[in-house]
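First chain A sits with chain B, and in the next complex the same chain sits with chain C.
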Partner chain A sequence: MNKLITLLLVTTALHAQDVRGIIEEVQRRSHTDSQRYEGTLQVIDNKERVTTKRWTYQRIGSFGESKAVLKFIEPAEVKGIALLIFNQKDRSSDQWMWTPSLQRDRRIAMQDRSTRFFGTDFSFEDLEERDVDQFDYKLLGEEPLNGQACWKIESRPRKTKSSQYTHSHVWVRKDIYAFVQIEGFKNQTLVRRIQYSNFEKIKNIWTAKKFEVLDAARKSRTVMQLEKLEYNIPTKQEDFTLQSLRRSE
Partner chain B sequence: MILLRLLTLPYARKHLLRTLLTLTGIVLGVAVFVGMHTANQNVTQAFRRTVDRIAGTAQLQISAGETGFPEDVLEKVQANPNVSAAAPVIEAVLDTGVSGQGSLLILGVDMLGDRSLREYEVEGSNEDAIDDPLVFLAQPDSIMLSETYATRNNINRNTAITLNTMQGPKQFKVRGIMKTSGLASAFGGNVAVMDIYAAQLVFGKGRTFDRIDVGVKAGIEPDTTRKELESALGPGYQVEAPSTRAGHFDLITKGLATTINISSLFALLIGVFIIYNSFSIAITQRRAEIGILRAIGASERQVLWLFVGESAVAGVIGSAIGIAMGLLLARGVAPVLSEMVRQLYSSHQVVDDVVASPELIAIAMAIGVAASLVGGFLPARNAARVDPVKALQKGRYQIMSEGENRARSIAAVTLIAIAAACLWLGTSNNMFYAGYATVIASLVLLSPALAQFLAKAIRPLWKLLRPVEGVLAADSLIQAPRRTSATVSALMLSLALAVGFSGIAGAIHSSVLTWMDTTLNPDLFITPTQTITNRDFRFPAELEQQIAAIPGVAEAQPVRSSRMMIKGVPALGIAVPIAAVNRRIKPAVVEGNLEEMIRLGSEGKGIIISDSLANIRNIHKGEVVELDSPGGRISLPVLGTTVDFSDQQGSFLIEKTLYEKYWQDTSVNVFRVYLKPGASTEAVKENILAQLGRNRRMFVFTNASLREFILTATAQWFGLTYVQLAVALLVAVLGIVNTLTVSISDRRRELGILQAVGGLRGQVRRTIWLEAVAIGLIGLILGLAMGAVTLYYNVDMLRRDMAGLRLEYQYPFTFAIALFPVILGCAFLASIWPAETAVRRSLVESLEYE
Partner chain C sequence: MKSCLPFALFLCGPLLTAQTFSQRGYLELRTSLYPQTAPNDSGQIIGEAQLRWDVSWQPKPSLKFYGSLDARTDTHQQVQREASFDWQDRTTRRPAFSLRRASIQWHRGGLTLEAGKQFIRWGKADILNPTDRFAPRDYLNVIDNDFLAVIAARSTYERKNDTVDLVYAPRFTPSRTPLLNQRWSALPVSPIPIIDRGGPIPGRGQFGARWNHIGKGYEVSAVFYDGIHHLPNFTTPLYFTVPTRIDLFRQYPTLRLYGADAAIPLRWFTLKGEAASFNNNYVIYVAQLERLVGEWTFVGGYAGEALIEKTNRLDFAPDRGFAKSFLGRAAYTIDSRRNLALEAAIRQNGKGTWLRTEYSQQLGQHWRTTASFTIIQGDMQDFLGQYKRNTHGLLAIRYSF
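Let's turn to the complex of A and B:
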């Protein structure tokens, strides 16, 4: 009996290690020192009304230590609005928003991360990087998605990670080690589903060029398409500060 | 019950007008009670509702008085692990300039996190309140209106509205409509939301917030988090539940509530006398009926219960009508009261609908019935004691026994002794009010004896005026004091109250005038608001130099006033450059040495408090008070006391540089501007507006216009005086009509004989007219005398309990003299109808017994 328990424990530990390994591999394969793209964001509400915005995105650093600037470029009414994100290895990210017409930056509080990202179906938390060390993982099994073999993994935020989701289900494509779908839950209720598609190999990295987010409660969708995507481009740390945002006006 | 149906109902039907007059006493008292209390309750509830609806699901609110606090406090609050949401707020009221729409409550919130605490959409609705949240945040002209306000004014999404901001009139684009529930239904639905950082610009609040609304994580006791936040933020911050914030409102309107209670009490007391009077008439007229009842075997108890029952029924009917009229009265009074409270206290509330609480209606009904029973009991007891034989005789009935008169006088003298003891020995408020009540009771008890004395005193005068009719009229009063005592008492009470209010109004008026002459002497006042008491908008400090540079301006003094907590209660802190201001004014010193006060005050070594604050909070020179500021707690000694009417809750002067240091606030509410000799006030005013007011919200008051504004604000006491005077006139007319009806009925035989022996109709008329005028005169003399007493108590009440104002006792002689023609005229008018009834009565009927 004791042997059986010991065997079960060892198997469970190994299993957990395997799952973590999958996520680490996803992280390793997508590792880059920097990134830049232009994105088109379409919010489709429950009455199928569509609003479109465009932004540029720049990142420096990688998982857990990266800094990113997201800046809206269209339409004219929102041009210049920017979001500065400092991802942290051991806790949730720090985020600031810059409003050029007011010449003001505002810090986005931890408590506000669950709110919608400027009327889209993303929340501010969804813009953070999911560092492997901030979650505990459990392999739920294998489940194909869109005809592709995938691992279905449950991730639960650790105590140090403040999250609106009690747990998430993550689908990882077995052939390319890339996330294809993430479902965020609050207890047993689905809050948000993010689907990744239009995979393309850019600088040897399989990259999804289309994200679709569904807000389960509101029944609205947001589709984001990436263009002009580049990795490992020359960037400077000083471009990722509040001062640089202010200067850029 | 059978007796009521068989005897009372036919009598009531036959004398419908008199029955209505009987009810009037109760209706009057109950209507004033319900009306004033309902209005007050509704204004208070409107404030609570506004606080609740704006607070949303916030369990705690953090503020630092009216001054606001720096933005970085938000991060300290958000850092508390038990805080689930912390949303900064700026709250202010803007005049919309739209006719009939009044003010718009603007809530500046951070739309990123605010939805954790406040709902802008209706639950379950698929419609977003805001079309595009990013555009709303990106554009500082974004505004979200409540659906109620938008519908009322035909405003749709994406239309522009103009608001008068700190940068002058500015157009805002409606980028959202809130459904009418929760937040959107606050302030009568006149609610708008804008981004908090845009609101900072609009209201000139710099980088400060007014408040932070806090949600606490599930399972955590809000009080625990409150204590943690208090300890983290320091003593300058108030962390409290929204309901506690509403409690401050009760505190600041306490004075108003006391006035309302006293007015209601007097109204009810007057009602009791009208009932007493009316029942006395009824019993006089039904004396024969009572005699027959007794003769056929009805017991004293049955007769007593018949009339007590009548008074109870009259109480119920009168109270019901009084409650209905009170609700109508409240509808008229509530908006006035709301506006008065808003002007005086800068509190934001709109009375949506006037509703009386079931408790208040029950209390009003109970009070009305009780007052009716009290007023009806004595006549009922007298009716029960009627000797059946005497009852069936014709003659005089209303003669008060010597014993009864003596007992009243002894009781009155005893009460006066108690009142004097309360006055001299007691310092507590309970003792003071007990003394007030006792002295009123004693004067009421003494009124029949005094009325008789005065009737005797005026007899020679009446004889001089009309030898026959004058003597008959005066004798009628002398011989039957009970007949007139109720009317005289009611008139005395209502006139006393009117005199009391008038005296207070006059004293406030003259004190405020003196204060304005000595202290409020700048040529111009520049403010960002239409009302100088509204502190929602502020100027930047640098405007001082720009004003000083305008040709003709000799000096511009910045004033930053805000309500601050002193000894746990709010008072108006006025931050000024003390030395500069005092070079121009001559404040009346109550305590302390002015030179020393100015020297130490300008060095930031203490505060100078108003006499009213000293009285309300019992603070005196030398006492060290603690002021909690965002920069920490400061202990400052009171350097002295001066007369200052800036605020009804009391005020204090603090050196502006000290205030700026601790409150981290350099903004200005008002600039006091002195002109160079020979400079034209109007020309400089126009120049200031032209040069500085174009792109800025700015109002320039001349000294005269500000005085007018302040005197209007103090006119509430004059308003109360006129209301009370109207009540007094009504009482005079009703009471005299009733009394004369009894008198004529009582003196049927006497008047009949007068006519039989050749007396002319004109003589009968004049007899009754003179009797009426005599009643009016006696009531007036006693009222003016009692007014002297009530004024004494009112002056002290104002000092002790309401506003801490130390007013001089100034008897309103002009008002008193003006009352003579008014009251005597009313008395005469009231006598016309009874006199005509008397002269048209059949002589045979009048002398049938003979």
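Let's turn to the complex of A and C:
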């Protein structure tokens, strides 16, 4: 009996290690020092009305220690609004918003990051970089998705990381070690589903160029297409500061 | 024909370098409806039209030019009728055509320099910013005002988590105060006409410095300002007999200010605070809590004033007017097109209340309509209460491009 328990404990520990290894491999393969893209977002509400937004995104650093600037370029009424994100390894990110009409940066209260980002179906939390160390993992099994063999993994945020999701289910494609779907839950209720598609190899990194986010409660979705995507571009720290927000107008 | 070529090239320049040329703007039509007349203003419907065009051009990564133009008209003589162009924005009425911004910005490493007509905004609180000294406003409508740019040179040096801002403004830009013959001056009924005689605009420059530090889990700033208060004191001559008219003269007092602000994200709220001492006469402070909950944003706080020395009662001081008040704002994002907001200021002695609800809806990619209703109640002796006849509704439609 003792042997069986020992065997079970060892197997579970190895299993957890393996799962963590999968996520670490996803992170390792997608590691870049910087990134830039233009995103076109179509927000489709539950009555199928479509609103289009466009933003540019630029990041320096990776996974938990990155800084990013997101700037709206369309529609005209939000053009110039920019968000500066300092991702932190051990806590919620610090975020500031630059609003051209106010000519001022504002620190955003980030206690509840479930708030939708500018009327899209992304929450503020969904826009943050996630580090492997911020979550605990459990392998739920193997489940194909869109005809591709995938691992289905459960991730739970560690206490230091406040999250709107009590847990998430993550599908990782076995052949390319890339996320293809994430479902975020609050207890047993699905809150948000993010699907990744149109994979392309850019600078040796398998990259999804299309994201589809479903807000399960509102039944609205946002489709984001990435264009002009570049990795490891020459980027300076000075472009990720509060002053850079002012200059980005 | 040849002489037109350089001009054509100049026009084409921004198009040729489309990546570095950016523009945005809007055309807005607004109608305000006041159920009550005011003692000095019988107008109950005010129509306004505004065209704004903002451009920026970046010929080099380190160099950027900014420009912004405003064109306005209205039905209530708040905008000058002469079709002249004003680059200073220092007139008592709004100019029909004005240069809102014209500045050149250069940066290298952590250093950013900007010179020209520009907006300089300081502070961390949202409802009232006592440290925001280079930010005069257009107070023709006291509770719905816009910022005016200042002519200044600004240098900002940023190193790791610290930023030092130095500003010198050689020309003074005052705030625009309510017109005496209109409802926002809130003058009592007087058989003797009151005439705004203006006053000299001070010639001295203004200097300001600000240090900002972003720490782990907090952000803090210290501010120093030495210059002129952008809000005037009004004075009247001594009349030894019953006058046939009362002349009001404006005087812009010198101001030395020390201030500080801070933002601290806590577990349940983000705490933001701001305080400033004005000439060691009085201190204005703001403490607010902010939280996002789902699609709601809540901001609530208190603005206080500690009087060290009694000052002139003829001051026009909206910043002090909003002090000793509980302030709050709740905003709700209904969906990707619609927003709802509720704002309130309630004086702690209960003698003045201001409440505004606003509903806004996007129509297609370019249009937005806004409807709001503002209720003002209170005593005539109170800064907010004196505007109680200015309860009003507003309808606006904006085309953004």
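One rule holds in what follows: the second predicted complex is superposed on the first by the 248 of 249 C-alpha atoms of A that agree within 3 Å, B and C clash if a C-alpha of one lies under 4 Å from a C-alpha of the other, contacts with A are read in each partner's own complex, and residues count from 1 in each chain.
The rule is simple: a contact is a pair of C-beta atoms (placed from the backbone, for glycine too) under 8 Å apart; a residue touches a chain by one contact, two chains touch by 3 or more.
Everything numeric here is computed off the predicted structure, so don't read it as measured data.
With the two structures aligned on chain A, chain B clashes with chain C. Of the two partner chains, chain B is the only one touched by A:Met97; chain C is not. When the two structures are aligned on the shared chain, A:Gly21 is found in touch with neither chain B nor chain C.
Contacts of A:Thr52 after superposition: chain C is touched, whereas chain B is not reached.
In the overlay built on the shared chain, the residue A:Glu238 is in contact with chain C alone; chain B does not reach it. In the superposed model, A:Ile81 lies in contact with chain B only, and not with chain C. Residue contacts after overlaying the shared chain place A:Phe72 against chain B, while chain C stays out of touching range. For chain A, the partner with contacts to more residues, out of chain B and chain C, is C. By the document's definition of touching, neither partner reaches A:Pro144: not chain B, not chain C. Between chain B and chain C, the overlap after aligning on chain A sits in one stretch of 7-15, 349-357, 385-393 or 673-681, namely 673-681. Judged by the document's definition of touching, chain A residues 45, 51, 77, 80, 100, 102, 104, 106-112, 114-116, 119, 218 lie at the interface with chain B and also at the interface with chain C. Note for the complex: chain A touches chain B at residues 45-47, 51, 53, 72, 77-78, 80-81, 97, 99-102, 104, 106-112, 114-116, 118-119, 218-219. The touching residues of chain A, when paired with chain C in their complex, are 43, 45, 49, 51-52, 74-77, 79-80, 91-92, 94, 100, 102-104, 106-116, 119-120, 124, 218, 220, 238, 241-243, 246-247, 249. Of all residues in chain C, those touching chain A in their complex are 22, 24-26, 54, 56, 64, 66, 105, 107, 109-110, 112, 119-121, 123-124, 126, 147, 156, 158, 163, 212, 214, 217, 219, 263, 265-270, 272, 290-295, 297, 333, 335-337, 362, 365-366, 368, 398, 400-401. Remark: chain B residues 74-75, 78, 83-86, 110, 112-113, 115-116, 126, 128, 130, 132-135, 137-140, 195, 197-198, 201 touch chain A in the complex.
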